[in-house]
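These are the structures, in structure tokens.
In what follows, chain A forms one complex with chain B and a second complex with chain C.
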Partner chain A sequence: MGFYAVQSLNALSFSMLLLLTGLGLSVVLNLMNFVNLTHGSFFLLGAYVGVYWLASGAPWWLAFPVAFVAAGLAGFLLERFPFRQFYARTHLMQVLLTYGLSVIFADLMRWGFGAQILSPEIPEALRGVVFIMDMPFPIYRLFIIGFGAALAFALWFVIDRTIWGAVVRACVTDRGFVETLGLDTRRIFTAVLVISAGLGGISGALGAGILSAYPGLDEEVLILALIVVVAGGLGTFRGTVLSALLLGFAMTFSKVWVPEFSNVVALAIMAALLVALPEGLVAKKVRQV
Partner chain B sequence: MSAQAQQQSASATYLDVAGLDAGYDGVRVLHGVDFSLAQGEAVALLGRNGAGKSTLCSALFGLEPQISGRIAIKGQEVAGWPGHRIARLGVALVPQGRGVYANLTVDENLTMAALWSRKQANRRWVKERIYEDFPRLAERRSFSSGALSGGERQLLAIARALLTQADLIVLDEPSEGLSPRAIEEVIIGTVGRLRGEGYTLLIAEQNLAMALKLAERALVLDHGRVVFDGPSATLLADKDLQKEHLGL
Partner chain C sequence: MTERFPLSRRDFIASAGAAALTSAIAAPALAQSANKPLKIGMVTSLSGPFTALGESMRAGMQMFLAENGGKLAGRAVELIVEDDQAKPDEGVRKFRKLLGQDNVDIVSGVISSAVALAVRDVVTEAKALTFISAGSANDLARKAASPFVFRPTKTNWMLGHTAGLWAYEKLGKTGCMTIGADYAAGREYIGDFVATYQQQGGKVGKQLWAPLGTTDFGPLLTTIAAEKPEFIYSFFAGSDAVRFLRQMREYRLSGKVKLIGGGALFDQEDVVSAVKEAALGGLNTCNQSPTAPSSAAFTKAYQAARNVMPGEMGTAGYVTGQVIKAAVERVQGDLSNKEKVKEALLAREVETVFGPMPFDPRNNQAILDIYVNEIKEGAGGVPVNQVIHTYKAVRDPGPVA
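== the complex of A and B ==
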């Protein structure tokens, strides 16, 4: 019993990382109709920033905002050039552009941070375990669950309950018309991309504590985030949450039960889901093409 | 253009369009459209379905993909400007199908419209005044806009245009799909009131009788060209012209 409780918490902490990364990707896809395959690079950049920050001796808790800012800044620059020039292009062109860029960034990061696997020094306050039904569970993972949930809630609140979130939702429906209300949607798009990239970065910094940071992690994370977004159903917050949970639990428990085939099993579940529900777990009533 | 209109436009031209072509993907919808609107004038823009009325309305806001020609708003050349800068000159669009965001509440729709001017002093319209003047919207403030009736949605779209602090309002087929009662209340009532308050109005319509009730001057578009520009009374009297260009 304790074993399953701990594994469920493991799954939950992994789901939280998937959720944060997936939300960043999905908000850009839904709002700006832009496929950003450099999202995994933001995650890995955040992971490296986190590792270096935690090793530097500076206040540990700043590692996460700093990772957000670093990835957000990268997003800001990329948005100016070349993303902005590709918003009106087809998805295929966007895929070619951003995939190409992600390969470049992977090389740049390998050059800058090295090819070895880097694990962060977990700060004193988050080290150690708690016992849950006599089974040890790392405090750091509890931190990921709590922090991730708070961040996801904050994002939901901003999008669903504030006027700027309403403006973003209105842009999804009709960007041109938002302009006629005197609002500069280009700046809104920039802000959304920066937040999305920042979320990628902060997830990376959080995730480094369990996944470490190494060349190739960017792609692994990107694929999982894409699965979360697509399986959840485009344009639904609830769907993204559900599919992040489902994928997190599927990956964790397939590693427990069938370690040799864990990826095969987890991804087969998600593939079967997409075949059964092509619109995703939560289908939106109106969908922007 | 009538002598009277010409005289007015010499004093304060709010909108001046010359040689306007617009279209998309190689399909040209508007061909060399010329007209102007003087401050405080209410002009009906008439034409059959597909004559280019909606294209003209959205071209004024830079929303059409391919535009050439001259558009001047209050003396400013706006060709190539992004829509929000054009809007900030004091022009608002009440789009066809009302363009209210179904996934936003009434209150969010209104707040959003007042957002860019929120720091200005002496705004002509603030949300509170909208709620006082249009109690129907106040009753529905927390409703999702998708749940409103057609007339209420039109009212919301007009209120939103007012909140952008515009004094030149372009209405794209406001009566489309509305019941006769809603047309009477919202269009004749509210739009008529705006006219009385000195707003400059361009009203694209299929409903000839209604449009000419509101506008003293009419423009008729046919196949993307202006084929009539003159007093409403002249158009009302000219059955041949109505038949040829409006299919009535």
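== the complex of A and C ==
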């Protein structure tokens, strides 16, 4: 009983990491129809910033906002050039551009932060464990679950329930129309990209506590995030949440029951899902006139 | 009587003069080939999953050459380093380039066993003097051994086997679990450990496998917590090892369950310096230890140069240099006769930072001292691999006759 309770918490904490990473990617893909493969680089940048911040002795909780700001700033600069020039181009061109950039960033970060594996000093307050029916579970993972849930909820609220979100969604549907209302859509897109990059950074800083930071993490994370976004269905927020939970639970429980085949089983589930529901878990209702 | 001296005095002088002349012409030519720079090619991983290890290996080799003033046996050394990205096809390409285009005298390096296996035919065909610094798949010393491929490093068996002996003797006859990275090296380490441990009479419980690049060990660690083993034998390397050890501690298993592993699990530079206290109390068997007596001077120099204690790869780069030096010096810098080089190298052991290193004439595999290291607090509270036992002269079973 305790065993399965803790395994479910394991799954939940991993799902949260997947969700946070996937959200940043899906926001840009859904709202701006832009494929951003540099998202893994934002994650890794955030992870490094988190590691250095936590080692510096400054208040630990600031590490996460700082990682958000650092990655957001990188996103801001990149949006100015060259992302902006590629919004109107085909997905293939966007993939070529952003994948190329991610390779460059991987090299730059290896040069700047070194090739060794860095692990953050987890703050004293989060270092303990709780015992759930005699089974240990780290507090840091509970923190990730809580923080991730709060962040995801906030994002959903902003996009789905506020006027700001409505404007962004309107931009995607008909950019020209929004312009006629006197809104600068270029600025709106900049803001969305900055938030997406910042989300990548903050999830990196959070995730580093479990995953550490090292060259190559960017790609590993990007692939997981892509699976989450694609399996969840493009253009839906609920879909991303659902597919992050599904992938997290599938990866965790396949490790519990069939550790040798855990990747195969988890990815087979996601593949089967895509075959059965090619639009993703939650398909956007498209009305065509 | 004059018939007894077919050479007249005049003839004698003429021929002696000619001989002197030819030798005068020939001698500089000979000297020149000995003074030509000695080209050493090194293929290591400077991008991809083994980047940090590759950089350490290169640094070790460069340190060695710098200490020798850039000269071996009087010949200036030119080191050409290439990156294999830990990919076999890339490795083959780089070896071909070094041998075909740069015309190096010696090739060396290689971290990934897959690369080492892939380049085996290339170097064998070219009859190139090859020193594999780290690739350690058992087959490299068995089926894939090759006349001019020297292996100044361990095989996976040497570490798995000695861990099996130690575990049975010191850790317990039952209550053993294993958890390993699910790829060729992980399977070999765990397999060789289990074989030896069972041969001794030990009983192995549940065996877990995690895919290479596992991010979240939580589910597996919860399984371990539920099984409550006495000790675990484990093999992970690089970032997997860092994550595994850190998460072991997060789940409060570090103190409770004794952990013994292959050297890479507690590599001093790559892993222990990253996980710090989470490594304390861990055991490993390894052909390298920063606290081995043979490593004392090197450990100090490496620490001064790189601000971290050396792990296996930094040491391997240095040791490769030491072995190459021994080979080159024993033939006075003349590598033209490769059989002679081989004979000279196999003739007697080389003193290296790993320890005394004789080579097995069957497969050119180093016979090594294997250290049992325990991670203890060293000077300044830094966790360090401390030697607690040495298995002398461990020799791979080699090619099955």
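The rule we apply is simple: the second predicted complex is superposed on the first by the 286 of 289 C-alpha atoms of A that agree within 3 Å, B and C clash if a C-alpha of one lies under 4 Å from a C-alpha of the other, contacts with A are read in each partner's own complex, and residues count from 1 in each chain.
Here is the rule we go by: a contact is a pair of C-beta atoms (placed from the backbone, for glycine too) under 8 Å apart; a residue touches a chain by one contact, two chains touch by 3 or more.
For clarity, every value in this text was computed on a predicted model and none was experimentally measured.
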Just from the overlay, do chain B and chain C fit on chain A, or is there a clash?
fit
Between chain B (first) and chain C (second), which, if any, makes contact with A:F3: first, second, both or neither?
second
Tell me which touches more residues of chain A here: chain C or chain B.
C
If we overlay the two complexes on their shared chain A, which of chain B and chain C does A:P259 touch? Say first, second, both or neither.
second
Is A:F177 contacted by the first partner chain B, the second partner chain C, both or neither?
first
Using the touch definition from the top, say if A:I117 reaches chain B (first), chain C (second), both or neither.
second
Shortest distance over all C-alpha pairs of chain B and chain C after overlay on A, integer Å, is 38
Touching chain A in the complex, chain C uses residues 47-49, 51-52, 55, 182, 208-211, 213, 215-216, 218-220, 222-223, 225-226, 238-239, 242-243, 246-247, 250-253, 269-271, 273-275
In the complex, chain A residues that touch chain B:
163, 166-167, 169-170, 173-174, 176-186, 286
Per the touch rule, the chain B residues reaching chain A in their complex are 58, 61-63, 82-84, 86-88, 92-93, 95, 99, 101-105, 108, 111-113, 115-117, 160, 164
Residue numbers of chain A touching chain C in their complex, please.
3, 6-7, 10-11, 13-14, 107, 110, 114-119, 129, 135-138, 140-141, 210-212, 214-217, 220, 251-253, 255-256, 259-260, 262-263
